[in-house]
Amino acid sequence: MELLLGAGVLAATLRLATPIAFAALGGVITERSGVTNIALEGCMLVGAFFGIVVADTTGSLPVALLAAVLAGTALAALHALASVTFRADQIVTGMALNILALGLTSYLNYELYGTTGTPADLPEVPALVLPGVAGLPFLGDVIGHQNLLVWVMFAFVVVLQLFLFRTVPGLRLRAVGEHPRAADTVGIDVRRTRYWAVLASGALAALGGVYLSMAVAGSFTDNMANGRGFIGLAAMIFGRWTPVGALVASLIFGYGDALSVSLQGVSIGELRMPVQLLSTIPYLLTILAVAGFVGRSRAPAADGLPYESEGH
Amino acid sequence: MTATAAPSPTGPATAPSVRQPTSQWAQGPAIPVISVLAALVLGAVFVAISGKNPIEAYAALLLGAFGSPYDISETLVIAVPLTLAGLSVAVAFRTGLFNIGAQGQLLVGALAAGWTGSQFPDLPGVVLLPLTLLSGVLGGAAYGGVAGWLKATRGVNEVITTIMQNYFIVFVMHWLLQDGPMSAPNALGTPASSPIGAGAMLPIIIPNEIVPLSRLHAGILLAVLAVVVFWFLLWRTSLGYELRAVGLGARAAAQAGIDPPRRMVLVMAIAGGFAGLAGMIQVSGLFHRVYDGFSTGFGFDAIAVALLGKNSPVGITLAALLFAAFQRGGTIMQSNASISSHLVDIVEAIVLFVIAAETIVRAIASRRGTPAEAL
Amino acid sequence: MTALVEMRGVSKRFGELQALDGVDLVVNEGEIHALVGENGAGKTTLMNILYGLYRADAGTIRIRGRDVRIAGPRDAIALGIGMIHQHFMLVPPLTVAENVVLGDERGGPALDTRAIERRVRALEERFKIIAEPSARIEDIPLGLQQRVEILKVLYRGSDLLIFDEPTAVLTPQEVDELFDIVRTLRGEGKTLILITHKLREVLAVSDRITVLRAGKNAGELVTRDTNAQEIARAMVGRELRDIRVRERKRGGRAVLEVKALEARSDRGTAALKGVDLVVNEGEILGLAGVGGNGQSELAQCILGLRKVSGGSISVDGTDVAHDGPKRTRRRGVAYVPEDRRVEGLVLPFTVADNFILGKQDRAPYARRGILAAAAIRRDGERLAKEFDVRPPDPAVIVGTLSGGNQQKVVLGRELSESPKLIVASQPTRGLDVAATEYVHERLLEQRARGCAVLLISSELDEIRALSDRIAVLFEGRIVATLAASDATEERLGLLMAGHAA
């Protein structure tokens, strides 16, 4: 029981879900505006890397975080340029950017740090110790010592949920993603809306990345994101393109991850637990979700389709 | 990504044209050549900015890929599975489908082949090798077919399915090889399967006297055969005609009686088969067992190969050779010139980007006077 | 009466097509003005220019006596012009109220749903246009959706409302309700322009009428002083051309029998509401009608490209209503589709490859799944010559051919195997005179051979020149079937516009 629902597992769930959730939130924003951003993985990676590099060169945590966000936004800007302005194939450019991010960060990692790896004593994002709660027996272990960025993630979930469904800009963004021509005919700037959405997604994914490098690991290793950008997309789909849904999905996926660690080495009778199979759950669930076997999953109608304004 | 769409009677929407260039200008080799050159130039700029010598970098790259017979042999070793993976992606593109799942299909093929080869180690080669080959191909085909079936029956976007499938099989493989039913001890101590029987191995085809320690195996012959099969299938069979028609004119094909949904399953299975063969070759020719985490990274390269090669047999072969040269040259460049081999990733990404930018040209060209739909 | 809108000398060209040629339009304040014409007359283009979706090549626009430049919808909206499009510009998952205020939400960044719904409700009460503000667009019927479009326009304070074919998706009852709304709006001082081809609407609600024909003015009428015949004549009248005189055959046995056919359009509305028609062997049945009345859906149903929801279709006695295209074609049905570039041809394929589209899996073009290259090339040469494709080279990419030659390739494919029934949908659309002649010759040839031809066309000339009998399709039903000799232009014009002759 301890292995399944112990404070350790639940705390790990939050830790593991956070980067996924950041990516998923980014995905929700862009796809709600009608742009597919497969490059979230890449944005995560550059966020992770440039956070570390700037932390190393400036020694300042806030500056490093800012740099990370800017890096992710810059990569996303390339995607926006290609997809929104040039109406290029969003999947191909997304893939290209992922490869670019991987190549770039690994290349620079090698150039700057060679084989010795990133320095060990870099500033880290601190944990947020909740006064009062931290001391409590069960709850305190689960949420009392989580990293600051975990709470930032929660905050963003709330902010984005409100933004999308309770504000006018959010309404317009959703309109752009569902029926860009209708939005265009009432005077909404489709391109500008989409640009902002893509840039925001890059920033969010970068936060997820810098969480990995500067809150969890304290260093950068090649290909650090390791597919979390894609799991984030899966969480977005499974979460039905809403911020809260994305969070729930990320928590479920994070839980699976946490279990695969806590159940490692455990045997049921003769058989070892196939913990690796637990890691397949996010992908399996997503396929089932999009195939309609698990509820109705409907993307924004204009998602992934370049928009051409009427010729004059 | 667009998750679900009712399977329309006219089949898949024709894929955006960058995946299947149709304009006259785009037909020739102009764009691939330009994109590679542009990428090399930008790569050189990048190297220079980071304080290293681009000439040195590219020289090391070139030498690493083609400098000696051994280098050439190593480049070919990479080119073989890459070509097959490229064929996998290309055959799907031809029908208007995007097969991102070549990587996953490759692994399934490898696992299937590895299993077959190790389960019957005493069978003679003349039986075991074809059997192993068949397992690899069928394994990949089944995996690809699943994505095709989901698309045909439930309208699920194959991009999503295949990406998910890629990750799915990686973890299944972890389990199978780390402490699952297929794991077996080996000299390196890394998670891997039992070795395959001698009969399942593809022999090295370059004798030691010509190139000592060459790893180039008979898989290259299979790859050549696969390229021919690809060409024959698409341009000499009725099925191939139908696939190309659906990819280039789905509605015209539909009204002529070509049934898109059924084709989708078949195409994805064929695509999976090519990739599965790549996996089998890696096992039978190179590693002789399945190592956990081997042969990653073919999937994305395969997409670049297919796009650069314009989904054509000759193009894919050349593009695969190019990217294989990059990869091989890159490793040597890193060890000899101390420039990160990841430079080739950067170059590759730029190539893809420039190819995607072809749509700009097309977009400008199509603005010239198309009549409005309704007057 | 003061003129609210004055458009003078408006011209617009799209590539080779001159959509509008020096057109004038004067709409007076407070009136309901009908803009009438067949397909291709230019009505929608003209209004798109007024609304800023297109820019005219030539001509001036005056609003309330002042020259204006309308560069986009925003300018039009600022001038008080609103458009209710034929294809609604509504966002399905959003509510009625959200759609009405989208883009002009008024108020802070927070979305005050209650305030918005209140505002919309007030608007609805003022103009007597009722639709539940909190309902989602995707949950309400098309008739109600149209009201939301109208509310959108009124919300922005439009004084001039342009309706593009407003009754295309409405039930008869909804049409009456729309007329009430239209009259109420006029009562409130609004000016309305109705784009339509249906005489019933024109006569029921309009004050004045402008008729367009082939991109030019064809008449300005006052509704009170005119009648259906006059309007119809203006719509379709043209210089009399030599009608081909030929031997009028009496039809043989029935090849195509369509009974009580029902089918839905892509938008979910009823496109075919019980179509009955018969085409006999050795005859050409011309199906006349303005586009959008079910023609495309009918052709698609016959070929098996669209689901039939009621009734039957039989070819030579066999029921094909639920067969797919492959099976239907095997019964001897040939199809010349409306849009040759998208439906008729695979443009990047060669001429020879296009000749075998649909036949690629049987002899002589394939044996056991393998293409017979020699046979394909040989027949490609033969058919290219026989059907006068220029250049007669089977290896040429079809996309590079002119429209006329492309259509010849389609004909070569469809007509070369002695079909029993040919469904030809707008076969000469976009073709020059010579190519049109050629197509007509081949169709007549097939008729002489004993083939049954269903000719679907919005070109009245073509229908009258080729058909033995003519059926008129209006709002998803055949409203009349006439012998060619009885089908005067005036009569056809009336029938096509929904007026019982």
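Per-chain numbering from 1; labels A, B and C assigned in written order.
Criterion: a residue touches a chain if its C-beta (ideal position, glycine included) is under 8 Å from a C-beta of that chain, and two chains touch if they have at least 3 such contacts.
Here the structure is a predicted model, which means the values were calculated and not measured.
Chain contact topology: the protein chains form a complete graph, every chain touching every other one.
Simply put, of A-C and B-C, more C-beta pairs touch at B-C.
Work out the mean CA point of chain A and of chain B, and you get 28 Å between them.
Inter-chain spacing, taken between the CA centroids of chain A and chain C, is 47 Å.
In whole angstrom, the spacing between the mean C-alpha positions of chain B and chain C is 46.
Residues of chain A in contact with at least two other chains: 311.
Residues of chain C in contact with two or more other chains: 54.
Each of the following residues of chain B touches two or more other chains: 370. Of all residues in chain B, only 9, 22, 24, 235-242, 244-245, 248-249, 251-259, 368-372, 374-375 touch chain C in the complex they form.
Within the complex formed with chain B, the chain C residues making contact are 13-17, 19, 39-45, 48, 54, 86, 303, 305-306, 324-327, 329, 335, 337, 342-349, 353, 356-358, 360-361, 366, 369-371, 373, 397, 399-400.
Partner chain C is touched in their complex by these residues of chain A: 165-172, 174-175, 178-179, 181-188, 301, 310-312.
Residues 1-4, 16, 18-19, 50-52, 98, 100, 150, 154, 156-157, 159-161, 163-165, 167-168, 171-172, 174-175, 178-180, 300, 303-304, 307, 334, 340, 342-350, 352-353, 355-357, 359-360, 363, 367, 370 of chain B are the ones that touch chain A when the two sit in their complex.
On the side of chain A, the complex with chain B involves touching residues 31, 36, 82, 86-89, 91-93, 95-100, 102-104, 106-111, 222, 227, 230-231, 233-234, 237, 272, 274-277, 279-280, 282-284, 286-287, 289-292, 297-299, 303-306, 311.
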